[in-house]
Amino acid sequence: MHKLVKHSLALGLMMSLPTMVMAQNFDDPIEFAKQKEQLTMTANGPANKPWEQYIGDRLASTQRFAKKGGSTVCFSNAGVNNPWRVVGYTDMIEEVALHSDIKAFIHVDAEGSDDKQIADINDLLAGGNCDILIVSPNTTAALTPAVEKACQQLPVIVFDRGVQTNCPVTFIHPVGGYGFGIQGAEFVAANVEKGSNVLMLRILPGVDVLETRYSSGLRVLKEAGLNIIGTEFTGADNAKTKSIVEDYLQRGTIDAVWMDAGATAVAAIEAFEDGGYDIPVFVGEDQQDFLQKWKKMDITAIAPTYPTYQWRTAIIAASRILQGESVPGPEWVLPQASITKANLDEFINEAMPPLHYAMCGCEDMPNYPQAWGGK
Amino acid sequence: MKQKPVIEMQNIGKGFPGVVALNAVSIECYSGEIHALVGENGAGKSTLIKILSGVIQPDSGRITLDGEAVSFKHPLESLNAGISVIYQEFSLLPDRSVAQNIFLGRELTHRGILQNAQMNAQTRKILDMFVGGKKIDPETPLSSLDVASQQMVEIAKAISLNSKVLVMDEPTAALNEAECQELFESVEMLRDRGTAIIYITHRMREVTRLADKVTVLKDGEIAARFNSMPAPEDIVRAMVGRDITQFYAPFASPEEISQQVLCVKGGANASIHNINFSLHAGEILGIAGIQGAGRNALAMAIFGHIPFTQGEVTLLGNKVHLTNPRQAIAAGIGLLPGDRKSEGLTLKQSIRDNAMLSSRALAGIFSSHKANKYIDLAGIDLLLDKMEVKAPSYDYEIQNLSGGNQQKAIVARALSLNPKVLIFIEPTRGIDVNTKASIYQLMRDLARKGTGIIMISSDLPEVVGVSDRVLVMHEGTIAAEFSSGAQEADIMLAATGEMGAVA
Amino acid sequence: MNSLVTFARRYTSINWANINPVYFVLAALIVAIILNNPNFIEPTGYMNFLKRAAPLAILAAGQLYVIVSGGFDLSVGSMITLVVVGSSMLTNNDPAATMWVIPVMFGMGALVGLINGMVVCYLRVPSLITTLGMMITLNGFAFLWSGGAPRGYLPDTFRFFGRVSYKDIPLIHMLPVALIVLVVVGLILYWLMHKTNLGRMIHAIGDNPNTAKLAGVSVNQARISAFIVSSLSAVVAGILLGGFAGVSTSVGVGYELQAITAAVLGGAVLLGGRGSVPATIAGALTLMAIFTLLNFLGMPQPVRQIVQGLILIAAVALTMRRKGKHANS
Amino acid sequence: MNTISLDKPLIKRRPFSFEKWAPALLLLTAIILYVVACIVTGQTQYLTLDNLLAVVGRSIALGITAIGQTFAILVASIDLSVASLISASAVLSSVVMNGNPDMVVPAIVLALILGAVVGLLNGLVITQLKVNPLIATLGMSLIIQGVLSAFVSNFAGSVPEEFQFFAYGSVFGLPFGTVFFFGLAFLAFFILRYTRFGSQIYAVGGNPDAARFAGISTTKMIVSAHIICSICAVIAGLYLASRLRSGAPWIGSDGLYDLESIAVVVIGGTILAGGRGGIWGTVAGMLIFSLVDSFFNIIEIDAFVKQVLRGVIIVAAVAFYSVKSRRAVA
């Protein structure tokens, strides 16, 4: 029951009234420009290990957190309620196994509820076992007080979504949503003629990392003089995605499909396939099913990524901090590469599950591919 | 001392579609007086009381309370005017305490806060007025009390309301002897406090014990008025006097009664004990008794709904142990429940669906609803035709039918399985006179064809008029047996436990 | 349709007031859709509509069994998720596996329905709570089984039912397999509900369980059967939805309430005793038609939600009014 | 004239009322489970007072909602609109406050008015249009959620520091939220136990006909119960706005407050048919939920297993009462 409400809610159009003050601005030209630049910057660190790389050169000193002997790393997780988080969490578990200095890893799962995550963090602090706390916040604003409270007791690492405080030792994230939006939209603009019809498919409104993808994507597409025939929310629902595309096909032609996330990309492609249409230019993501479909049908496509390897980085940072080594901070910006026709084959692995995120940086890990559900 | 009656109903008339329920009925009651209202089922007692309490409105006539004309549109208005009615189905809340029930809707408060202590104390005081009230704790939930105590709570409620008029509808129906005595004392106590009491009962003994005046209702009219206590026989004659011969079918001749179809030996469960009787093909066996005597429990035990826990049952020569109605039906027993609405009908379904319910239930679940090994749609239509069920179509929802036609559909349901034993519980309750006669005829016809019939009825004339043999139950067991032609008065005496078993 | 036939038999002339209003509403909506989007008249238009509505229509027809028996089944949405995720785990993209995976799914559905029914009948837990618990449990189980993300693909043999349309058919041009499934399952559910004893027993226990028991109906058997039918219909809906759009862990969410809404639109009486399979299917089509129309009108999602809320209340309020009139006449 | 309803055997209740003590027994089981888990895993630090308070504090919003839901269920109704209303209340208050301490009171007043209106509408649709409460409140939920998402799609507005006292402040060394919750529970208990209004709530749920005969307006009571239920949901929304510093349109539905509040009430021994139950059972139900959650965290159970178990626990807890009852179920 909650899901109906949640998902229909998720699909609700954003019609923020001018009088209403949004907690965050999702169309920030400064941030847009910054991320656009970061996409082209060369990252520091080992090139074959992007999860250890960082853009920029600010480091945070961590000597005061140095600890002798085995440590206990605690992790408050917003949830493992989507495939991206499942792959990331697996990355994390496997990374923990590589660190002999981490003697215990305590994981609490908030199942997608802010309220619960606040309680979870309180529980972890009260338990007193943690040497360091990793937080992957469910939402930015809501978790800020809890993170602030935690900062007073122990070193904190935040990754994926941020918080509105600078107290964590570092905030790990890839370039970001603007970058993601730019990568896809620029590809579309380069591959269709001016005035072509573009359908924009979004998962749901309100999530910051998705809102920024959309705002930057829209900006780039409009600047390229393309015709946006519609923007629809799919709720990450395959059936709904396919229906939406079928409806648009009934009414006119589609020259390109831009998506803010690729989980339902294959369903969108199938709408063209089943209706007997040519597959247009596609922006997907690094899910295996999309990559394989792309190759099989030889689509003109690109897969921007929001790399799951950042989950590894969080553990690496925790380990370094507890050993007193400095880490990039207060922000650790990871590189965010796209998958293109040129490097597509490197990422395809048919042994992996459909919604495995190819940019997992996990291929060299000991339990690959079984731990990720591969064969 | 008694110049004006507290309550006076004059020339009350009330008709329902096709029936005159009340015709120019007058009754009055003075302060400090118990006025007994007696009559058979369907005589119009309950209609009269419903009019008095404002549940329904009369077509004609007037009601005066303390000399002023009143007209109640809602039970609440009569309650506020000082008239309390204690119905057989209590209007109490099982999960609330005694005190909470007594003060329901007019709780004592002080600055908005419930005065629980005060209410409990007042309840205590009221309950202490009765011999039987002393053992009741005002704070216990009602559901933990026995029926007699619940009855007491109803009376206490009336007292706490300071009602000028109290109407009691067969208050002893579910009480045992000792409890009855306590109740009588309570009622007398109330009378002595100046309450005008209208007391409805079947039982002559209660009338003679309590009443100052007696009104006998019959077929919606006053059959007799006694301003002083008459001989019980006079009351009974006024109640019963009617031409019975045309109404009931003739009894079975000895040849028509053949082999035994059902025999219960030493049957018992939580509500009944020491049940021994047999039923023969071709006979109608009436079971009489007052409420709570175990008649219904006996029917439900035979039918397997609340099974016997002891004793043995022989059906058609075979020992059986029936633990649910389904088995009983399959074994050849049919039942007409006493409460049509809550036990007999599926109101939103069609007449056919209701009539075919049992035959379908016993047939395979995937087989067609149109026909099964017992009967098919044509067959059920024929059966319904034969019983003269009046409806625009048998696809009609049964809730739109009259009680008599509904009852016929339920009879058809039982008959469709050709039962060897048929149990009728209150077969004519709430049914008009003409339909009654046809149901009696139907029962006799069935018996002639070799069915053994048990009829449980609270309607004594019916028991006497229909049964070839009468068993009388009292306090959970069979107290007496009569052959056809028994006197109602004798049966009544046996039912109230005032007569030893008579062969 | 059934009511039409019976009424025709009952009265020589059709009594318009007695035809379930859902059919008029559906017809009006379809006219409105066509006016807004003439393409709808093309086979691809209405056939795609029917293809998409098929899972909900089947699910609602199954849900109707539980509603008529006097309960609710909130677990069907999670059941769909479990079927899709479970099938992808078991088939693992092996086309031959479909042959045995589908029966396994039906077995699982029957088991879930059996458990729902037995908990309600024997532990006497209200169906609302029982199926709520089952909804949470099945959802957890689907995630547990897959580890949170789909682990395999559904082979084309499995997806055949929900995805494929037969093309180049005279007159109608195309015929989705899902529509064939809808017709077949719809007929089976119609037959079972309106032409067999089981259907009558389910009506009887929803109408008055006391009467039913005293009339010899095995109440528990009928009630458990209703839950099993509902779960099995969820399996069919799951197969169609998985076939239509492929694996995901969010497939099926919210379907339980849409199914109940569809049944209510079709005039089913909550808490039991009355309901029609054809009218429920019409109710499901009506719900989908409303969504489609709002889409064509460019109404944003919030409006859709508000409209859904309003029609839900209005449908029940109208049913109550009609019932009230009946009782008075 | 006669009825056979009294002819059935009477089940006399024992002095020890199982149903009365069942919530306490369930709570005790949950406590034992929690304590044993702490001891077995050697994490006895979870048994300190602070920690136990934290356990209680886990589900304050759920508890507040459930208190309101108790009123709705006691009158034999139910309210599925609480989750959307929680979101609406959180968003409304946070937007109105918008970080300005002067707007705290107007925001609270506005939110409470919203609650009263929603409750009134729910009650009127149920009593006047005779719509099944489940459908009426589900429809209302969709409408609220639709209106809400027409205006906002993310966290909107913010609450000032002062208002965060609700969730983060403390009085007498105890968290204010917890104190407030028990205060509210006590108030609700008081209303149900010691006022005429409370008495009549039970009467309407237990036997509407008897209530009507006693001159109680069932319409008024059902509407009132729904207003109380909605106002509690609004308070829960205010609490969440305070705790999350802002309101978002998904916090109510994400927190599953509609179905979980019903589950809490039912586990607390209030029966869905109405007329029986009480607030302390609901408080016990809420504590059971908190303890089970904490228990899962302590034994570090997998999130998906947790979900499976939660479903089973809800059904098992309700079965604990219902298996003995002879009431008809469906």
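Residue numbering begins at 1 within each chain, and the chains themselves are lettered A, B, C and D in the order written.
Just so we're on the same page, a residue touches a chain if its C-beta (ideal position, glycine included) is under 8 Å from a C-beta of that chain, and two chains touch if they have at least 3 such contacts.
Given the structure is predicted, the values throughout are model-derived calculations rather than measurements.
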> Of all the other chains, whose mean CA position lies farthest from chain B?
Replying inline: A
>> Nearest whole angstrom, what separates the Cα centre of chain A from the Cα centre of chain B?
In response: 74
>> Just the number, please: Cα centre separation of chain B and chain D in whole Å.
In response: 44
> Quick one: chain A and chain D, Cα centre-to-centre, how many Å?
Replying inline: 36
> On chain A, where are the residues touching two or more other chains?
Replying inline: 1, 5, 8-9, 12-13, 15, 80
> Going by the touch rule set out above, which residues of chain D reach two or more other chains?
Replying inline: 141-142, 145-146, 148-150, 259, 303, 306-307
> Touch graph of the chains shown: is it line, ring, star, complete or other?
Replying inline: other
>> Let me make sure I understand the interfaces: which chain pairs count as touching?
In response: A-C, A-D, B-C, B-D, C-D
> If you look only at chain D, which of its residues touch chain A in the complex?
Replying inline: 43, 45-46, 48, 50-51, 54, 57-58, 61, 80, 83-84, 95, 98, 141-142, 145-146, 148-158, 164, 168, 240, 243-246, 248-251, 253-256, 258-259, 293-294, 297, 300, 303, 306-307
> chain D touches which residues of chain B in the complex?
Replying inline: 41, 45-46, 75-76, 79-80, 88-89, 91-96, 100, 103-107, 109, 112-114, 116, 141, 143-144, 146-147, 169-170, 173-174, 200, 270-271, 291-292, 294-297, 306, 338-339, 425-426, 429, 458
>> If we count contacts the way the header does, which residues on chain C are in touch with chain B in the complex?
In response: 6, 9-10, 192, 194-201, 203-204, 207-208, 210-218, 221-222, 225, 269, 273-274, 326-327
> In the complex formed with chain B, which residues of chain D make contact?
Replying inline: 1-10, 12-13, 15, 17, 193-196, 198-200, 202-203, 206-207, 209-216, 275-276
>> So in the complex, the part of chain C that touches chain A is made up of which residues?
In response: 37, 39, 42, 44-45, 48, 52, 74, 77, 88, 132, 135, 147-153, 163, 165, 241, 244-251, 253-254, 256-258, 295, 300-302, 304-305
